[in-house]
Amino acid sequence: MLQSLFDGILVGSVLALGAIGLTLIMHILRFANFSHAELLSLGAYFALTFDAVFGAVSNVLVQKLPWLSVTWSLACAVLIAMALTGATAAIIDLLVFRRLRRLAGPLTMVFASFGVSLIVRNVIGLVYGLRSTHYNNDIVFAMMISADPLLLVKADQIFIMCLALVIMVALHLVLTRTSIGYTLLAVSENPTLAQVNGINLGATVRLAWMLGGGLAAIAGFCYALNNQLSPVMGRDLVLSLFAAAIVGGIGSIYGAVLGGLIVGLASSLALIIIPAGYKPAIPFLIILATLYVRPNGLFGQSR
Amino acid sequence: MIGLISYLTFFFTIALILAIAVLGLNLQWGFTGLFNGGVVAFFAAGAYGLIMLGGPARANEFGGFDLPYLIALAGGVLLSGVLALVVGLATTRLRHDYLAIATFGVAIAIESVARNAEYLTGGAKGLRGFERPLEAWVGQPQLYSFLFLCVVIVCLVGVYIALEKLVDSPFGRLLRAVRENERAAQSLGKSPAHIRLTAFVIGAMIMGLSGGLYATFYAFISPQDIAPILTFQIWAMLIVGGSGNNRGAILGTLVVWGGWVGSGWALTAFAPASMQLYAGSIQYILIGCIIVFTLLARPRGLLPERLTTTQYAESSVEKR
Amino acid sequence: MSSVARLDVSELTAGYVAGMPIISSIDVTVGVGEIVAVIGPNGAGKSTLLKAIAGLCHIESGAIHVDGTEVTGIRTDKLTRSGIAFVPQIENIFRSMTVEQNLILAGRRCDKQASSHVEKMLSLFPLLKKTYKKRAGELSGGQRQFLALAMALVAEPGLLLLDEPTAGLAPIAGQEVLSILREIANPGVGILLVEQNAKAALGLADRAYVLADGHNQHEGEARAMLSDPVLGEIYLGGRRRGDHAAKPV
Amino acid sequence: MRKVNLLSPRAALLSLLLPAIWISPTSTVLAADCETKIGAVLPTSVDWGRPIAETAQFAVDLFNESGGVKGCDIDMVLRDSQVDPKIGVDAAKALVDLDKVPLLLGAVSSGVSMPILTSVTVPSGVMQMSCCSSSTGFTDVAAEGKTNGLWFRTFATTRNQAAVAAKLVQDKGYKSVGIFYKNDDWGQDIGKLVKADLEKLGITVTTSVAINDAQPSYRAEVTEALKTKPEAVYMALYPAEGISVTREWVSLGGTQKMVVANSLKSDEYRDGVGFQYLSDVIGHDSAPPRTDSADSFTAMYKEKFDSEPNGPGLPNIFDAVMISLLAMEAAPELTGAAIAAQVGKVTDPSGTPVNADAAGLKEARALLADGKSLSYQGATGAVVFDANGDVSAPAVAWTFTEDGTAEAAYYPLADVDTFIATLSK
């Protein structure tokens, strides 16, 4: 039980990290971007590529960070991956979503994003192959915190949980305390009024994509660190991410984190009462229950 | 030539079966604004319902009542309707994204049951052994396929005419009123919740009919047939075709389904042999491109809903 | 009136979709420190005119000059950073943000230190001081309208475009809003005001335009219009009829 | 060991060349004057599906190099099934109707193969041979006489494999076992059988956990199994989720004593988990023949792919292709029924044994020309089909080695049957 509880929180942290970026994009750009999950894959693979590059360049970088299974070169690679994924997101917007935003409803954008995710996922599959891979082939063993009740935890996972919390707080501060944050919030609430107040819509949208892409990259990296890289990792994650964002309430950063934890906990604790075969349905039943009580999610506001 | 006719018969059979489901979705989304993310749940209810009621008995398993075909088909459709009623009562008050994810969850739950509840649904290996109606009587397989296509066309035309009549009726205007402005509809003295639920159930029953025909055609159904990708395919057909327009929905089905399978055929026909192994991935990329480019070229679908442009434009600017 | 008008709109044809203009060949000028009202029936294109000036519409032909500089087709955010303020009729504040955040965001338009301007607004609208940390969505209708005005003025614009500032307000609150306009217009701000409540608008304005069916119908001194019997019957009298009645002006 | 996986130049080139396909439609040009088309519907866009297609193409190439069918090169037209029945059936239908193939290889999943069988190949009189569809439903369809003898599969029935799995557990002396099975038709089937067999042997099954594919995390499933503290685990999984589950299992301190199904006999799994954690793993598989041909097959495969033919379905698809093509060679005319009728002749236990290499195929052609029957010795053994198109094969136990797998024990068919008989007592 204790272990399941912890597992849920740790798995949920990764989901929370991914859901923060998703909820931000959904809030600011006002459509359910199904290709967001592919940005997670893209970020993870960018990190893999640059890790290899840095690793080859310098021996010093191959050292591991204290406690973690992450090397310095991988840590640097993640930063580059964040920038590149953000840029890719902005470019995809330029090519596809910008035009649709002007001419069509949000549903058209949703399905365009489906199309985009098919393209991105399979390009990754062509370039990197379909097999799964890892940043580090050594298995990181869990530390036993307690034997009875059994509690096993990996340092990487604690790190990811802390990272999710730090990013949550940082992002919340940026959105509520800085004028860049005001700009993003303003565009999300009312793009026309934002323009009337001197906000450059195009630049803000690009900024939102950069931010969303960067967050996706770091979430993808964390997922891959804990599990594996595979071209379909985004596809596997997308539903849980949406579940987290929606349970939390679209647009709420805290909501996304809480939603991630809820979905993680739900799928972890569910196995205590139901057979594992039914597990995929669990997050969604949680959503149904949540929405039945709070139709706009836990922290969401009606539009 | 005979081969081509045989293939086209098959192609249109599947495409038009899917078109029926797309019409059902069009009633829900196009006319009423209900974002049903669980199309496949109602499709599955129709398909499984049919085979469970009309199939032969299976050892140690529920179902297999061997009922006459039409009763079994109606039973499947009814099952979809009942499922929609239960789901609808709980969810139709939700808006857009929230409704979509809730109904999506229902679809996943249904798929889980189909995959795991072996006693009820045959589990992952699916349900088989269903006798297609009149197949033995017709005898010749090609002729049977052709006759089956005719039956599908009759069903499609029937659903199309019924829906056109429905949306032109006062009830149809209410649907659009609910879609555009719930409060206005309320002020007309109608309960939007009731109207939304009615449209949801009718649309789901149409999807159930589509599922029933699908299961009849293959005489087999398994959890693989009701994967979430089907919901996506049906949605893509509607959006590409133009939601709010029944003819657009059918055209969209043919275009998306044609592009989906045609891209695979084109790759085997034109791509060099060395590339065949990668054709699967490339085909997906092509499918993605087809969807994205069609939407970029016709953002409101190939045959958009017939609205006066000024109204649309003004309201969309106003909304922003 | 100085030689260069705050706003000079000439032969403006514009709409929301290319090829489908809502207003055509409109001429409007607003002088320095002048309040100009635009009145007319529903659907006359009054709001469209304001949106077109603010760069939110598709302009087919014609020209817009602000302080003698042509601004036709310039992006809204650039326009509003160069001294034009536009207050839309509805949704003119950010409901999810606090009053403070709204004002700071609006103040960012001017390059100067925004905070001093915010202070000034608070003294101009003391109501907002009390609700400074509240979410704007929680304000009353009148308070929201004041906040919208404050957001428009915080960047010290030379030209203020107002779309029905009294719509949806109680009569007293509406009167309050309009009276504040007079105060702020003094330092030389030009105001273009679209109003449904023609009587109140004409009472406040220096000059007025009457629009119908997207065309200029009438132009003149506001006071003269108030006493014009024909106009009076159509727009100002108790026998206010439907929109169609306005056509044969 | 760090594994560097940079963008491979081939893949990069390929993505650059992509648009070129559309400008210059080049059809396949082969050496022989004539071409005979066969069809294949395989999930090439899925991680475990692409190697199967690769192996099928390899077998076809091998057959062509040795002279093709009736002097004509075989052109295998390959379509992706996307693991979607609708798509797979459409692809099969197009192959049968438009490309006029008399023979269809595929599909992999039973849920795709079944509708292809009932709605495409049987009505059109085309022979269908699947490498990997395991559903017992096919045996039922065949027993009802609805396949017209057109259906074959080279996937040894799950019954034998499950029994061998139980035997391995018993031989290893494990007293309690936790089971992870893939939640599809094959996994449910083998999971159930293994559980029943183990319990009959008096071995405790602590838990039996379904693993759904495409889940973001398997932590919860692993934790559940971990709680029951089994001495060993049995895994009937595919490499993708197998790697996830195993790594999660090992990292949480689960036992490294594992018995695994043939689907995990793959380089992907060994490399993905890491060999250092798999030293105590024993697996079961259907056996390659006790002849030199097995070695030469492996050698050929290694030369071509630089790895052993390890992976779900790889030997099975190889045999499916070879048997089908030999039957085509033997058939008087190239119709589905005629080819299907010859399958028995090329897999005749009393026929002359031939190997699946260039020399063997040459010999096979000569024997067939003389009207003699063959006993094909392939990658999964001396395959013999029963009346329902099913095969039973002898079994092997295998272990992972530094760079591949090694055979640990061989169980002739008779032994397996005897063992099953003792179980059902």
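Labels for the chains are A, B, C and D, by order of writing; each one numbers its residues from 1.
Here, a residue touches a chain if its C-beta (ideal position, glycine included) is under 8 Å from a C-beta of that chain, and two chains touch if they have at least 3 such contacts.
Worth saying up front: this structure is predicted, and the values here are computed from it rather than measured.
Counted by C-beta pairs in contact, the busier of A-C and A-B is A-B.
The greatest centre-to-centre gap from subunit D, using C-alpha centroids, is found for C. We define each chain's centre as the mean of its Cα atoms; on that basis subunit C and subunit D are separated by 75 Å.
Mean C-alpha position of subunit A lies 43 Å from that of subunit C.
Separation between the centroids of subunit B and subunit C, computed from CA atoms only, is 50 Å.
One finds 31 Å separating the Cα centroids of subunit A and subunit B. In subunit C, the residues that touch at least two other chains are 56. In subunit A, the positions touching at least two other chains are 122-123, 125-126, 130, 190, 192, 275, 277, 280. Contact with two or more other chains is made by residues 115-116, 278, 281-282, 284-285, 317 of subunit B. On the subunit B side of its complex with subunit D, the touching residues are 3-4, 6-7, 10-11, 14, 115-116, 118, 123-126, 128-129, 141-142, 145, 217-220, 222-225, 227, 229-230, 260-261, 264-265, 267-273, 275-285.
The touching residues of subunit D, counted against subunit B in their complex, run 14, 18, 21-22, 25-28, 43-46, 49-50, 53-54, 57, 77-80, 82-87, 89-91, 93-94, 96-98, 100, 109-112, 114-115, 118-119, 123-124, 135-137, 140-141, 144, 183-185, 187-189, 210, 212. For subunit B in complex with subunit A, the residues that touch the partner chain are 29, 35, 90-91, 93-98, 100-102, 104-106, 108-109, 111-113, 115-116, 228, 232, 235-236, 239-240, 243, 278, 281-282, 284-285, 287-292, 295-296, 299-300, 316-317, 320. Against subunit A, the residues of subunit C that register as touching in their complex are 54-56, 75-77, 80-81, 85-86, 88, 91-97, 101, 104-106, 108-109, 151, 155. On the subunit D side of its complex with subunit A, the touching residues are 1-8, 11-12, 14-15, 45-47, 50, 183, 209-212, 214-217, 219-221, 223-224, 226-227, 239-240, 243-244, 247, 250-253, 268, 271-274, 277.
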